[in-house]
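Going by the order they are written in, the chains are A, B and C; count residues from 1 in each one.
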Amino acid sequence: MKTYLPLAIGILLLSFLPVLGANPYTLHIYSLIGIYAIVAMGLNLVFGYAGQISLGHAAYFAVGAYISALATIDLGLPFWAGLLLAGIAAFIMGFVVGTPSLKLEGSYLGMATIGFGEIVKMTLVNWEAVTRGPTGISRIPHPSLFGYSFGTPTAKYYLVLGIGILAFLVYWNLVRSHYGSRFVAVRDSPKAAAAMGIDLQRTKVMAFAISTAFAGIGGSLYAHLNRYIAPDAFGLGESINLLIMTVIGGMGTLAGPLVGAAIVVYLRETLTMLKDYNMLIYGLLLMVLMIFVPRGLVGTALLFWRRT
Amino acid sequence: MLGALLQQIVSGLAVGSVYALVALAFSLTVRALNQINFATGELFMMGAYVGIGFTVTLGLPFWLAIPLTAIAVSVIGVVFEKLAYRPVFKANVSHPARLHILIICSTIGTGIFLQNGAMLLWGAQALPFPKVFDQEPLSVFGALIPTEYLWITAVAIALMASLNFFLQHSWIGKGMRAAAQDRETAALMGVRLAAADSWTFGLSAGVGAVGGLLIGAISFAYPTMGAGYALKGFTAAVIGGLGSMRGALIGGLLLGLAESLVIALISSVYKDVVAFALLLLFLQFKPSGLLLKPVQRRV
Amino acid sequence: MSTTKHLVLAFSCSILAMAAQPALSQDIKIGSLSALTGSASQPGQSQRDAIKMVVDEVNAKGGIKGRKIQLFIEDDQLQPTVAANAARRLVFQNDVFAVIGTPNSPTALSAMEVTMEAKVPHLVLGVAPKVTQMGNPYVLRVTPTDSILAAVLVDYAVKKGARKIAILSDSSDYGKGGLASALAALGKHNIKPVITESFNNEDKDFASQINKIKASGADSMILWGFYVEGAKIVTAAHKLGLGLPIYASSGVLQGNFLELAGAAAEGVTVVSYYSNADTAPQTKEFIAKWKKAYNTDPNPVAGLGYDSINMLLAAIGKVGTDREKVVAELKSLKNYPGVTGLKTGAADGELGQGGIILQIKQGVAEAVAQ
């Protein structure tokens, strides 16, 4: 019950955001935050709750983006089909990559995920016949549902908001369900979990595949929001951004993904004002945040809330 | 044809010995703290730039620049350890496993900081290194073998040998090894863990820096030079056994050789795929690498 | 708790967004978009520096018909996502009249999605053919494309007697495009290359490719890549005794190639659209201004930026701040004397025609007659 009221208020406020007279730039930023929040929710499931590190999540974001773009451009499918295919393809890929990779732990798992991420990027660059190579895909159509084209920044914002809310409901329910408890058990006491009959490997792979599905859905939205995708946008740097969103927001929290996404996107935009120093400050900020806000902003806030 | 192959093998071993240095840098922190330092590539890069600082700006001879660079970048590594990573160890998180992730994020931040710092200090352009290895190439079997490859291999191996000696026989080295093996017992026996950790990060940074210096000496220094070597160095460490010193050397040389053979026999475009393929194969089938026994997880 | 936090965040975002910059409405606003940070930031910085230099000079003289120029500089960090955001900031928040940039094709294409939809004139410096093939009536390109440059290079090489040609190109979009253009140009002479090899950017070692080329019996080599790899390649070719005339693409000369390659660059021929040794009056004037402002020599991308802003301001001076009229004016140019070659308008926006041949003699790139 306690979570319903803030949730409802949050949704209400978010719905009225465009009314505050935001211009196409800020609406685009809000939509981008929403998209990253969806991906971050998935990453939080596998990383925050199930404790499995993934440093190559941008690959699944990319797969979702490319599948959706190609489905709508090359196959002439409607947007919702592209969106679904993106999620499904990313899920399958997560399953295929996760099954061997998740036998590894910690650092090894991290490197394996980086490796697969780079393979995906190299494929995107080199398989030119399909992906159009390094110059990417332009003029990706606006999203459209039932004949209505989400052509304006405001319309796109509401689309992202709608899908974001759906994604959050799925995320929330997963966390509260027995799946969620299994994830946490696998993370915190694997031996005990195994002793209780939980199939560790299967749980990890499921968590991973679900998280990649989220990434794929986010990717599809990204492709139709930005209308241009290129391999450069989906490298290790992007995977690290996603990871940072999860950590800064708060691993294993409900609101963490949204807060983390908002912070990282907002930081990137405002830091450019620092011109040449912007990335320098970003690196410094990372180190500082790890010391002072190790549980992420939401995690730390929850800690204080529980204490008072 | 034989000459060309020989040339390729020699360059492969030279590059491989640099991979070994990077692998060593990774292995030091993994062995002692189970920690991957994501700034290893950038510390490698700093080695090249600091090396240029010593040889060009200060006009020192190259053989002197090597240890000075190692020390200078080691200090940088220790500074970050004390200011950025040590405080995280003491952080209040819900689960100790999280600490490793936080430190990974912190080292990522270090890497970004160093890379952009280098760009601000020295510009984004590639900086040329003064001609250090100026001798005529050796002529063997009709191929020209640049002597720099041999020098690099020699310096890298010499460094690894001295590091090994230090770890085996010096008091600090023994303390580091004890802490790596069993932290609590080492602390009970009087090893100061804080100092051991600092030495670990410092040595790791210094070793990686020398690698960067050597590569810079045969080509140039540029801010993004670290990323590729970091990945290859890590792959080499995995091949040999992440955390093993000898594994780092063997893994590095093997990787360098494998790459050069692929270049010579197939095509150079696939050179980077070799590293990936080997990494994924080893992670899949033999994650503990060639030299280490599979690790049993404690309950 | 958490919702409150993101509420505060959202509100501060909106408030910041609404805080408009105080500006005079008669100011002419121009946006410069390029990579200012990151490893490939040298071209991006050159573009910005050239545009800034011209804008400062024009403003010091009172602007255009009394209107000052307000320059908005954005950094795209070589990331398409960031480029699109920056373009949106320029167009929707800063309300720029036109955008110049970027020298990198993926970021340019990403920004074009924004400028195309907002109908904002966009002068692109990147060379991907796709830029002018998307049916965007507002895009213009000042850079001669690689197909033009490749033809100029190949024609010159053939004129110098090249018949058995080896082509060494990088595996990126630039290299692949160059390879295709070179093959097309060679095809016009009925020549097929005896060997083609490629390399990856950030490669350290090129001995294998050079040895293969040596063994192929080629009499010349065409090199298509960027300056860091270019310097490494000519150095390696020198060390390994390749002994062939090398004809290189403009990318090779973009950074501090001459400094990096040293004596190994002697005799290398480069096709470009800009040279500091060019004797045209507008180029000499440009070089003088640049040296005064920045105390170094300009480079080709700086020249492109210089031409772009000058042509844009000239058009605005002639027809005023009407976007359609300015684009039409630029597309109707004939033989505008740019420092990067003559500019003649075309319907698809390609303004750059022709290139120049340079040869490296004693550490200096000298223009040679074609």
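Here is the rule we use: a contact is a pair of C-beta atoms (placed from the backbone, for glycine too) under 8 Å apart; a residue touches a chain by one contact, two chains touch by 3 or more.
In this text, all values refer to a predicted model and were calculated from it rather than measured experimentally.
Chain centres computed from CA atoms place C at the largest separation from chain B. Of the two chain pairs examined here, A-C and B-C, it is A-C that is joined by more C-beta pairs in contact.
If you average the CA atoms of chain A and of chain B, the two centres end up 32 Å from each other. One simple way to say how far apart two chains are is to compare their mean CA positions; for chain B and chain C this gives 36 Å. In chain A, the residues that touch at least two other chains are 276, 279.
Looking at chain B, one finds that residues 116, 119 touch two or more other chains.
For chain C, residues touching at least two other chains, in rising order: 37-38.
Contacts from chain C toward chain B in the complex involve residues 37-42, 45, 171, 197-200, 202-209, 211, 215, 227-228, 231-232, 239-241, 255-256, 259-260, 262. Those residues of chain A lying in contact with chain C across their complex are 6-7, 9-10, 13-14, 17, 20-26, 28-30, 32, 133-136, 138-139, 226-230, 232-233, 237-238, 253-256, 258-259, 262-263, 266, 268-270, 272, 275-276, 278-279, 297-298, 301-302, 305.
Interface of chain B with chain A (complex): residues 30, 34, 36, 80, 83-84, 87-88, 91-95, 97-98, 100-106, 108-117, 119-120, 227, 231, 234, 238, 242, 273, 276, 279-280, 283-284, 287, 297, 299. Touching chain C in their complex are the following residues of chain B: 4, 7-8, 11, 15, 116, 119, 123-126, 128, 137, 144, 146, 215, 218-220, 222-225, 228, 260, 263-264, 267-269, 271-272. Across the complex, chain C meets chain A through its residues 1-7, 9-10, 13-14, 16-18, 36-38, 73-75, 77-82, 84-86, 88-89, 91-93, 105-107, 109-110, 112-113, 128, 130, 134, 172-173, 176.
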